[in-house]
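Note that the chains take the letters A, B and C in the order they are written out, and that residue 1 is the start of every chain.
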């Protein structure tokens, strides 16, 4: 039997004071799909950096096709045929598909003029796109592509480099269900062609669907391997956190109230031709599902006043209100935990304390000057309440993990007087443990009489957390589902515009 | 005081010490008073510039504002013989209006600050020259004793420009580092979108920075007109915005926005003025003036960068150690 | 002094917005004077050109003040004038040594005079102005008179590139040769008034025993006056200046300035324009062999300052 394509033996990486990886060994053969799981901070990204040649292991051996590679550099990694498809895509929006795929190694023509050979580029890109079965061409500007399509461009780029191993890091975090299915079938296709895949994901369903084998990292160590027939949710979760995760759904103690937020005939700037009617009751968690681009985030932005609605009425507890900007929304207790935490939710360089007080500074400045002691007291209280894991509330938000960053965003709103909170993709990129804490918190808020709208593309989350689900399709609400009616199938039917069978 | 500012303070002291060693006259009362006067003149508008830079913007038209406000100010005072308190208010008000216009163009029409204020630079300079038909205007034979004393006199031996600067610096220190507006300014400069999502009226915050800068420029225009005793519309204040930008950058303001402190800007101004002074005191050819200034700014910024990187590494290590200990 | 009022400012803004502007008469020939800086000095020269305009109804007399005192700015103005088809130009060249090419281009197309600052290498037909070396000698004599026992002096100027600055310095050095007066240095300020003043302040600080200050450009002496007054050194430091800034004249009246050597810019402007018109019409007889039409300089001191001041006020009043 030939040596496997890639072997890692006893890889250890230590930073001053920290061991990121210790004694990790595993191998991957051609055409094999390995699911790599582990909570954030388990050492997955360090391992990937070592495979990319970006970080040198402190100890250990890397073998490619059975040959030892003592100094595994970026160039060597590329030559070995290792390619990455990152969570955050590295594409140039101002260029077209073909240019992106051949960026930095464009076929040349015109002699000393060094012109880009457009025809040649296109000729070489077209078959790659065909292989992936996408419906855009080499000339399509990347700016016009959806996130899932851009991911396909990244994969095409990897293929153009004759990749033998593609490492996918949370590839589906921004994808809808159908797009995820499509990606999984592309993975099956690549596997059939002999390309190896390392699939890193928090979404255990997908891992289960595509992986031939699952390896799990915890605290820098490889804690277990699951063979194809052993890949089950409970087994994977047990490996990741070392214990069984309780069921995520927490049933409400009380029935929701009748009052809450009512939207009538609301038209957003993204879909001016469609109106949204929606009632969100205090005490419930209403899931808002739908495909990417179905208008969920536009709706959230309209309610919060970022892009004020073009028409329609918004009423809170029966009182009509006007929300022309976020200040108005915040004054009414309507808060938004945005989709992109790093860009819209936090000022990353500010300490936790200043992030928490930011939206409510006037409360901390009774006499025009900010009272730091009040800020500190609030920050410490929220740190304890939400379990923000940080040495100090003076730590800049940038150095926190995704889960803790999200907790800081929530702490900002919880330190005020929430009536309605909109969570846009509340647990994207957050590890399993922190996810459960955030679900628990949402439930507590609902019990305290807050109306909660949870936008999510994670089907497990929508079904596992919501009391009721509204599904959006092309700018309007396609239908509501009660908890008893919830299923992936029912949600998908509405999301793609099919009326459910009566 | 921030660590960054402390480094700058050390640089100021070192250069001061070297200059004193080479020529003890540097620390003579006369020289200190002269320097205090110039620090006051250049410091007031550098603080305004710093605020604009903190929003991520830039204000290039300050020098031209000095010329335009300067000629109008002298003209109203000398030839229209208006009472001086009114003229002073007009001058500061004009600066405020210019700042408001810039703020409006930047926040409402979404023009780039560089473009807006570059146009301001050209327009104000042009109007000033046209208004005076390029002639130099002076205070002539008028009697402005009170105002003259206020603008260029001394109390307890301290030049009034310097006193004004100290007052402005203290007020702006409180505004930037202690007030809600200051926090909002830093937040908007660092991440405008997140600031907006936190309910901050980002437009008002940014426009306010330009208006404060305009008002401080108007105030400086008065002091400067009295310092030179005459205003030549084509040359008056030319390139002075660059002194302000240099002081702000030396003082730790990032042109990307969100960073900067008042003590830093104050120290930056002091350092720049010391450099100009030492060129004269040490008998360095005056033509080398700008080269000396440029070299020291570059060295300062490089040193800061190096220190910052070292500090970042140290902080990261400490934090990692803490996280590990906590886990 | 010609000054446009605030009302005019608004009116002009209105006019600009409508896009109206008086079209100049095309058939009149244009003759122009280009300055090397903006100062009252040139305002007086402008009065001379205005007087000439009255006498030359068939000409269009124009007056250009440079925005920055740079050779590049002058070149831009000259290029514009050539494009407009100017018939005669009188210029105070900022950098004569390196402007020969552009000056000769002007000379090829139009009548070229130099005034105030000469460009002897160029094909200019005449120079109307001061003999700056002679003026320098005159100033040097005044310094010697003010400092009979000798002493240390400092000189102040915008830039040392211009011929008039170089020649004035040469003249002063020539006159001071063999005397006990020592020139410490020359401080330049790039025509930034604030820097000019700071140069004086720093000089007074660095050399507490300095005995004389010389302002070579018209704005330098006023800055010396202000700085000496602020330092409380009136009388301890002798001040010799050039040109007739009102502050300089007041300084003479107040006893801060000993004397100033004044040129006659009014004559520069007037004679330039009249002379250009004459040459354009074919009369070159008034130009001497060497092309140098020297307008003599005058010394203003406490004895004649009052008379001169009232003369100036008349010229500068609109």
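By our rule, a contact is a pair of C-beta atoms (placed from the backbone, for glycine too) under 8 Å apart; a residue touches a chain by one contact, two chains touch by 3 or more.
Note that this is a predicted model, so its numbers are computed, not measured.
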I need the common contact partners of chain A and chain B, sorted by label. none
Counting only C-alpha atoms to place each centre, which chain is farthest from chain A? C
CA centroids of chain A and chain B: separation to the nearest Å works out as 44
What whole-number Å value describes the gap between the mean CA coordinates of chain A and chain C? 72
Taking each chain's centre as its mean C-alpha position, how far apart are chain B and chain C in Å? 33
Could you pull out which chain B residues touch chain C in their complex? 23, 25, 28, 30-31, 34, 38, 41, 72, 75, 79, 125, 127, 129-138, 140-141, 152, 224, 227-230, 232-236, 238, 276-277, 280-281, 283, 286-287
Under the stated contact criterion, what part of chain B meets chain A in this complex? 174, 178-180, 183-184, 186-187, 190-191, 193-201, 258, 316-317, 319-324, 326
Listed in rising order, the residues of chain A that touch chain B in the complex are 15-18, 304, 306, 325-327, 329-330, 336, 338, 343-350, 354, 358-359, 361-362, 364-365, 368-370, 389, 391, 395, 399, 412
Chain C residues within the chain B interface of the complex: 1-4, 6, 9, 12, 37-40, 42-43, 65-69, 185, 187-189, 191-199, 201-206, 208, 219, 222-223, 226, 230-231, 245-247, 250
